[in-house]
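Chain naming follows the written order as A, B, C, D, E and F, and within any one chain the residues start at number 1.
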């Protein structure tokens, strides 16, 4: 039983040390993220070209013109599929 | 005549041990959970199938030259498969919600109490005759409370390979059971008023912040806990590939084809540990019981921490989001959302719960590192 | 000066043996068949290319540290590559037609007579001086009659690795030649009237049946023939992933990227066995001859079995579908369809031929298991 | 020659035993499939949402359930295209 | 208390050597170049990340059982990863422009002078105390002038594994710096008039020619330089899969998923060679300096050769295209196009520069073969 | 210093031999490509079926009628893709 008592103490120590460490680590990470946010303000996202049409009044998912490359992708997908249909 | 005898002696019928039949039933049970109940099917289906293959008499899947032995030795014993899964999961994870509200990390920390309390519980089980968990065994079992499959498999392969099968099955099963295990605990620890709390909309997070974040996490892990760097490092590599915007083809492969390939083999390899002699014993029952306790304690700790934070915070915090701290991404966050909606039909907590949810992944990786450093 | 001599001594010109030139011509011939004639290009192209690389003097592709040696040792000697191909093929296979009309399994059984008759033939060849096939060799050769590439490679790697190159080349070549080998035999054994027979439309098969089917096949294999479980098991895993509907991303990877990657390496690895000393001998000629016989006997046995069944069955059976029992999926089924259409322009036998076709895959896997159990 | 005779006998035995086994195995599988079909009646396919439009009067080729491989081909083609847009 | 000490002793803080910090800074520097400057990000990102992981104290990524050691041993020490990359690059390469104008091969030959002159330079560096490059070392360093990453890694892994990290970093860095290094040299060696030269449109190239071309290249390499057949062979296999039109699914996998997976691991494996003891020394500085010289000499040799050819040719040749002979596909060809457009707004040299560009790939593979044959 | 002188000579020889070899090899390849071009004339590209409609006056990629099931496939593929964009 001595042995078990010892292991209990070890397990208890592990529990305390482990939880303290996890909290300390993630708390430090909170600090780091706050710093990151401050630095981040000086590196704003580049203004994306894609977002412009969003503001057009009549836009809906259906009316968005399908980008030509997607049309090409679909075309090639279909021919690709036809080619592969006979493959084992 | 001789041929017929040889043939008979090489049938399964002539060679079955009843334990193998039981283990095949376990494998079929896992397949049932995966297919009919949709419990973490990506893992439980190959694990269940691997369990069946492993227990086929004579076939020798896990003996020298057997397929599953190759898979286990190459990918699980080395730790490569769980690390690659972690890279893929990193490439799938959006830390935006966490960066926008970093206090949520405390919830991810609190929920790890499930791990450390279970460690204590596993040692306590030794008081019951028939159980003899070493500290390494107990640590590997406790990590089930981290609610993170690859972390559990990685740690178990280092600390207690013999228990790996039961630990992995428990981890994935309870992750799948999150929608059943968590809500009662969440409701017991909160009142209607608390569950109705709506949270402030999250701020926009820069691409810059998202790129630096995985590097910052890695640097901190290097400074304070190198033992966790295999897990955290591969996770951060995946996340960096995702966010940096210049290696999209690598990121896409990491979160699709590569993770799919590895998942199949990881599952089969884990299944290869579900052999009768390593699974059919009291320890497995202990592990399953401890796993359920671990999940429950982790959930409770997260919710209680959220209640505490709610009291000292100027911005409102719905204590339900604490339950997402166990990780089990994204299931736990969805459960939070659902329970929140039950209390308040306009309360969409999903994004708010994603913060503690991914914090839980980091938290359990850190906890695994602590266990490796102190016990491994 | 010395450099120039060293350089000259390291040219191919200074080191060629004429046998290597012949083997390169064989490799180029395989490339020709693959590219210009579209004969099983997915396999014959990498095999042909591997054959060329293998026979380059000095380069050492198959010596210690050589690329092809790594490939062979890691994937073919271990059996991993053919098993992964089998998993992918399982994920591509729809057993609906077979489940709807299970009697077709008898055709898949009958066609395996090609295998066992050839085994006898291979032993008979020993009567000719210069041939000395052991029972293991004969079994590995006979499996060509199974018309299934991965099964042939798997069995040959276990029973007769030295003959693997010739066996794999014969198997894939004859599979590609199915549209030339089979029709004369089919026409010789049937009359116009029989070829015109139309078959009843197949019933609808449940998702439930499709999910349970691979598990049932696996269970039967476990009970009666564990030696076949590597092949059948991986095949059923692939099929289960396909049908269960909950792991579509794994199924898709298994039948696309993973099988493609493995196919490249499997082909190169098989090609590495096409070295002069192992290919340029009487045995190879014997193997090629026996392979052709095996295919012919298998086809004939399938057609005759179908004629027999047609007589005792209340639903009409077109005896042509018996030819599909050799497997060679889906080529043999298409040949059946084509020959059927020639006799009766409204007779679409394709779906009816898919039943015996996939039954042939199971049949040859079972036959391989029997050979492994009794000879291996 | 003795040896060859012996091997012949072995080969012949293998032929008989092998064919019998293959037939027995696949015949048993026939039985199993018949059983499966009987059990299967109690587990009908769930009525799929996609299939509902089939019953609408105007059904045409458009409503035929799209073969999975075509969907897969196109899906993968589109994501493939997107992946490759920035490729070396 | 003991636990806390153990934990402290297992932190990075307690175990850092300052050289490891420097190497991590190098790794971060590579990440910066990859992400912010888009310098060959597909390789430099995993290399940089690998460098960081390698230098984490205690974590043991490159020790027995460490992830990066597995990666290096399995893929780089064996040469498998660079060869697979080469197969993928072959599947991405269109030789049409070169077949249409085969004289461009001479430019690809001339640019290899960068390699051999640098070999001489590396030996000359031995005159400076602190440098002690063997002929093998010098050869491995010189191949940087080939401007081809996989070739450099393959050769370095065979001739000078200890220098592999520095060589790979130099190769990819200078490949990324092509738009900065090349234009001044190109402008210094040509006059405005020459840069304005427009070239004749390229003829159409048959599918037949494109299919036979990789086989012809392979055959010549077999006859004259078997030592180059691993590189050239895998490259030609990829190209044949691309052009033959019958194995599109293999070709697609080779140039997408497979090359992506291998790229991640290749980068990590190369990064594992960026450990302090192998990188932080005078030799690395020497390698970086020699690499820059190699690129410059190669560029100059290409341009001068093009000027020479322009004089003896009846069809006009713009000497700028000679710069593309160093390979660095397709960056060098784009630089040629850009510099050409600056001189003549209607002069689109891109397609004309693709000929020498892909010729440069063959040229450096041949040069690597010569070095392997004579020095290896 | 002797040793270095020797290595220099070796390096010089390598340089000369290497460059000569590279030039010889690639020059031979030029010859081979010229031969290939001559042989290639006897193997013209098969006239592609797809190219025929190009010569028709009204044909454009858009006007070819897309088979209905393929349209359905594309629709479902796109929605499938959109769905999967956010999936774990």
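Definition applied: contacts are C-beta pairs under 8 Å (C-beta built on N, C-alpha and C of every residue); 3 or more make two chains touch, one makes a residue touch a chain.
For reference, the UniProt names are A, D, F = Probable oxaloacetate decarboxylase gamma chain; B, C, E = Oxaloacetate decarboxylase beta chain.
Keep in mind that this is a model prediction, so the values were computed, not measured.
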Relative orientation of copies chain B and chain C, as a Cα rotation angle in degrees, nearest 5: 120
Remotest chain, chain C as reference, centres from CA atoms: A
Label of the chain whose CA centroid is most distant from the centroid of chain E: D
Distance from chain C to chain A - Cα centre to Cα centre, in angstrom: 44
Between chain C and chain F, centroid-to-centroid distance (C-alpha), Å: 32
Length of the line joining the C-alpha centres of chain C and chain E, rounded to whole Å: 41
Residues of chain F whose C-beta touches two or more other chains: 14, 17, 21, 70, 74
Where chain E touches two or more other chains at once, by residue number: 3, 7, 42, 224-225, 249, 256-257, 370, 374
Chain B-touching residues of chain C, taken from the complex the two chains share: 78-80, 83, 211, 215, 218, 222-227, 229-230, 233-234, 237, 240-241, 244-247, 249-250, 252-254, 257-258, 370, 373-374
Contact set on chain C toward chain E in their complex: 3, 6-7, 10-13, 15, 24, 28, 31, 34-35, 38, 41-42, 45-46, 49, 52-53, 56-59, 61, 65, 67, 70, 256-257, 260-261, 263-264
Footprint of chain D on chain B - complex, ascending: 3-4, 7, 246, 248-249, 252
Of chain F, residues touching chain C in the complex: 13-14, 17, 21
Residue ranges of chain D in contact with chain C within the complex: 4, 7-8, 10-12, 14-15, 17-19, 21-23, 25-30, 32-34, 36-37, 39-41, 43-45, 72, 76
